[in-house]
């Protein structure tokens, strides 16, 4: 906990942010237009950022806003706008099949939430506050006996490279050269 | 398992990665068909080097993050072999179809890097990063035929389900972290947090069972296998499953050991009574039910398939079931031993890659002739591919003398030894149904002359020929030398001790 | 002659068979086949040499005196050898084998000579002679075999040759049918032979004749009583084998059809030698048979019935060979009657005389057929005395012998059979049937005279009905055919004296000097007949009064029969059919003749065919086929059902199913686990 | 820290579970591919929350791990979003729709 | 090492043949492969011959340990009487399978020869192995090359046929595998001799032992096949090319009988004795029913299939009487049937190659048009019908005699198959050799030299063994007797009053 806040204020903040996050999540689930959903998702992310802050993780809170709500969601909105699919699309929010398929995930949600609610967790006083230094220290510790997270840091770099190459392969115009690509002969995926 | 220095252990991964990166970097500098002529060789060169290095890679771990042991060595070698073989298939397909781009080879290499990382992982986060590396590369490869509707559909289904189950796996990781305070496989569960552990393990297992295509998380498999180019199907089917099972095995043995020490995949671990009762028994039950469903669904649904890719898709489901039977619990006080699973996985990876590479060579332009009618008599036209495909199919069917038989034999044999006589019987009867599907294809391959007399369109074949030959030779040759399996029953050990010497080869 | 040379007796004809067979195959490509002279020389020489060797052996055997169990014996090699059964392949000549061997090789050689003339122009001459030689081999092995399996080798061997020779003219489907029928009827009997052999093995522990005889001769009554069921069963089964080979009811129907083969075949195999093998076997196993009175009764009754049936059927035939074939069946019945009352030596005597006169009859019939260019219908013959004098002479002697008119061969042998029957003791349900059935046999003798007279009248004595164009081209009987005709004809006249002896007192030869047959056979069948005599209190040949009265009655019956036959048919048949008209009798004759065929057809053949197709269609195709289809379809249905219900095309559905599974798992963990 | 406080680590986990479930539900039941992808993003966010929530209940190095793991999650989520959006572009180019149900030709 | 060499030589031969160079269509290349195959096959057969004289030291090497059990699987090879003669059968039939394939294989001689050798290797492995797992491996592995032989070189319905064959066989052997696992788990070894000792000394409970017996029996009953598990047989045999039929009908089917003799009887004497009547009845039903159904066939190969069903049914019957004589007969008949069935299938194959028709009604008059064929065909048919002087007679005689000793009705009913055998075989001979060719049928050339020489040695061997069956029964029969001894003891314990024992052998009096 931030030492500056007392419990009550923390409770109020937490309750508010939690409700906001849930409301935004429900909004994402229920919104008709993807743009609305995107905005609501950004709202949920910002709420979570607040909760991170409350949970003594300021570094993550900042990262959440910068990377997630900022970069990733901007990309999403950008694509939605580029494809111009936001308004013309008249897909129904829900249809009968949505209702039928909702049972399983909702039941799962309920079971998970109830199970979590039954558990008793206590805050450990020895928990380290989530500021950049301790995180960076561990992330980049390279000596013997360290945990080697830097290896994963490198690995994530590779992952991102793969993602970019993959995205290029999937969407690059150059690869669509219809005169060279034989037309599909038969749709045999049935 | 002792700490060892970084580079020798990770050198295979680095070499494959290097091959992929060089191929990626060289891609813009090559024009047209030259891409297909040279880039796969660059990637395969990295793999060959990696394979050689992997043979001599030390047993041990780095930072408790990545590890190597005899099982991981064999799995890695199988994955490298399968990937190299599939690389030939991809080369053949793309060259034949004059695909205007060479990124695929780099992506295939990256996927291999990811799977090698999955196999080597000792940590759930490391595993997750690896699995995503592999998966993202495979997603792109599945969607390679960009203007084919079934390819698009396969990509959508695979990607969305994959993303959902990634999240589920990760949530499981988070819960397990909550339970143990660590993301390492094998960390001891803290007092009073058993529920988080069980739930987390179950969710992680669900994520992994999705990756292997086990029922009920299997629906993507037939579609993705069908939508992807045949050669990519081979790559995907062969390597992802091996990696996912390596993860499941590490999770399983880790839960059982609960010491916080790095887990060797070929270790025999005797769980404590508490862990056994609270964690392993429920988990084993879920996995085994899923396994039985898988092998029934996979084998029987395969019977009616006409497309080879779809057939292999259901075969993937069925084989996932057989492999997951390795998680039948032994009697109380006896050690868990996953070595049969690794043997099976090695055989499966090689057979899948070999089979689909051969089919890729026989399937004609745009893989349009990969169904039963299209393959009619192709074995007579191209005996090498026909022979290799037949061997691989026999391996799928579990017929000796192939590795597929030895895998089924040891996995189901262990099931029987653990008291699951009826499970084994169900497995064997389903296997006969599956064999019907595979052998129908094999028969089709050899019976009669091809319906169309025109020669098949083929691309550069050198790599393919070596690939399928390698697959066939390995499938038969390794049977005589089941080096993965122990020579005598290992002493049950609570603490994991890696075997000191390289696997003894039978005289 | 040294006994180490015994193997030569069967081996010589075998060489001939292989030699001619190879020639035949090698020459098959050429139109005319291999050189006739070479073929004929080898084919006739080999049995003749066998005959010479047999003579040498027989003289040696008879000079060794009586009651030496096995005078000449050669063990060729160990046949069966193992942990279970050890059996030596042995050849033996004792007095019984010697007798059989002599007339088999002797008459056989003559018929080979005859065949040279008869078959010379046939395209398959070499093949024919090869089969004939092979038959000689098999028949020699049959009579020389020292144990049941060796005899069985010959037994099936002669059956095989019979099959091959009946179907010799292989282009005609009916001949092939007849051949197959003969083989399968024989196979039925052969199974009986085998099973009977098994039973005897079970009782005596051996398959060797010597050991079996020894066992029965030395067995104490208790042992016999305890084994009586299997002894009886074994003997009846053996008799089933004999019935198959010797065309007795119920396995008689094949023999008339077997006349499809060339006439020398009918003479050699289906009259003189092979068909008498059954009598030989019963005599060979006489020690066992006398210990099984029920089996003896069966033999006797079957023999009598067959004799009557054959005689009546013979009366109905238009085809000359068929008539003779039924006559053979009837005569064989007589032999079994004798065996059935325990007069094994008499039975063998009739075998001996029958070989001569029936061969003579068949060969002369062959000469007639040959002369008339393969005309076999007696209704289209007549008056051939002048054109075919040799054939007439042979048939006349044969007719004399078979009808039982005095002093020819049949007179003595048939008389002895009737006498034995009248004196015999065959108890069925407490009644001694022997004398009564002896009476039936006597009447049958009359029938025999009628049908034989009918044959000779229709062929030779009645006015000619031969078609004019044939009449002009009647083929003369060549010398190769003529010599055997004469020899056999004369043989039919004098063979009977082998038993009774010739009246040669004036040559200072004892009266019974030539009457060697009974004494000659005594070492083999004597003990059995003594056993029987002791058991029933009757022996044959001791009642002079009976002998004389039977002889008188028999002669009278025969004479009446002959007279009746001549009177009835002396003008020929009422209707002369067209050339090529069916010769099978119709009406009562047809019903009588083909009764057993029809019965076998309806009781055995048709049901088997119905069952065969029934099983094939119902069990094999329907049940197993449909069963397999069901399994396959069921397996597919599992897959289809899965695809129909669970494998949906929509992403949402797939995800929902997966989530359902996951939810179920979590629920299970919550409910049953420790969550 | 008062025990009656709403903001217990347990409550954080409940919130995380609910957000996870809502995201999952969105991914499962919606036809709009964008919203499906957003549901996945929501699930990943919920996982991060869970990590951070658990971090508070663990001492020392273990707690830092809970703050470190989300970094990887965020990176991977970005990578997934990247490929996912490329996929959407591809799909729209092919079939001119973002309806997931439109891509349901394959079955059996 | 002889045994190991015997196992490896055909594998090497298969590889050699597969690697042979040359274009498919090149007649000379095909002939070269054919000659190479013949030389190798005869070489292997000669290599295997010393086994019949009792040579062949056991070979043993560790293979792997079965996880979860104490069992260590060995590559263990050994020989005894039955093995030795099975080796003779397999190894000496192989060259004839190759000879028989020259016509049908055409341009694919390489594949054909390689598949034949692969099949031979696995069959030899199965009979040489002294470890259950090794046996099972070979037992299953032989299906693959056989599948190739059927699927590539078979008749028009080959696809269905090959699947019926392999799936039924696999389904039958699935429980066998489970049984082997259970044995490995409970006994801790898969060494055959050790397993026999352990199973008899009560290492496994009676209930388990019971179903283990059925598992073993089922697997072998499918292979023989025994009624009612024969649904694959007629379908498969009717599509077989002549050469492959030599392997399948001549040799492979015998492995089922081998399994009964070598595994079922010694491992489960009590169960064998208890259920002997069932197997006897099934065998007799097969013997008689098969022969009856053969009468209803219009396809020569189907007819021969049912003929095999009939003959091998009688062998199973004989085995389950446990009588020494019947066991002698069983081993003799195994070889004899291998020879005669091979000869018949090869000859029918010759006709089918020429005319594409194996139907009875499509041919006739071969006796005049193809005399050499006819002579050989008649001899083969008569051998198959058990004419004395051929090995088949020796086998059937001993089988029936042994059966009679056990219970006369078995011999009496089983003997009906001998009569019916003559009926259907002579019908076949009559349809094809007698009469004249049906309307519109082209001339059929007589056998050429290769075809003559692929049949004559088989018939010569059959006739030689017909007079010297002791060559087989003295060695193999003794082994069979020792395997069946325990079952015999159990059977006599079951029935206190045994039927009249055979009297002492007759050798005493001479």
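The first chain written gets the first letter, and so on, giving A, B, C, D and E; residue counts start at 1 in each chain.
Going forward, a contact is a pair of C-beta atoms (placed from the backbone, for glycine too) under 8 Å apart; a residue touches a chain by one contact, two chains touch by 3 or more.
Owing to the predicted nature of the structure, the values given are computational and were not obtained by experimental measurement.
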Starting at chain D, fewest touch steps before arriving at chain E: 2
Identity of the most central chain, Cα criterion: E
Far-end chain from chain D, centres as C-alpha averages: C
Most remote chain, CA-based centroid, reference being chain A: C
Two chains sharing the most C-beta contacts: A-D
Rounded Å distance, chain A centre to chain D centre (Cα mean): 5
Rounded Å distance, chain B centre to chain D centre (Cα mean): 27
Distance between chain centroids, defined by C-alpha means - chain A, chain E (Å): 68
Set of chain C residues in contact with two or more other chains: 643, 647-648, 650-653, 655-657, 659-660, 662, 666, 675
Touching two or more other chains - residues of chain B: 125, 129, 132, 136, 139-140, 143, 146-147, 149-150, 153-157, 160, 164, 168, 178, 195, 199, 222-223, 226-227, 304, 436
Residues of chain D touching at least two other chains: 13, 16, 20, 23-24, 27-31, 37, 53-54, 57-59, 65, 72, 76, 79-80, 83, 87, 90, 100, 103-108
Complete list of chain pairs which touch one another: A-B, A-C, A-D, B-C, B-D, B-E, C-D, C-E
Residue ranges of chain C touching chain D (in the complex, touch as defined): 643, 647-652, 655-656, 659
Residues of chain B touching chain E in the complex: 330, 334, 337, 339-340, 379-380, 383, 387, 390, 394, 397, 399-401, 405, 409-410, 412-414, 416-418, 421, 424-425, 428-429, 431-432, 435-436, 439-440, 442-444, 446-447, 479, 482, 485-489, 506-507
Chain B partner contacts - residues on chain A that touch it in the complex: 112, 115, 118-121, 144, 146-149, 151-152, 155-156, 158-159, 161-163, 165-170, 172, 174-178, 180-182, 184-189
Footprint of chain D on chain A - complex, ascending: 1, 7, 10-11, 14-15, 18, 21-22, 25-26, 28-29, 31, 34, 37-38, 41, 44-45, 48, 51-52, 54-57, 59-60, 63-64, 67-68, 71-72, 75-76, 79-80, 83, 85, 89, 91-92, 94-95, 98-99, 101-102, 104-106, 108-110, 112-113, 115-117, 119-128, 130, 134-135, 138-139, 149, 152, 156, 159-160, 162-164, 166-168, 170-171, 187, 189-190
Complex contact set, residues of chain A against chain C: 97-98, 100-101, 103-105, 107-108, 111-112, 115
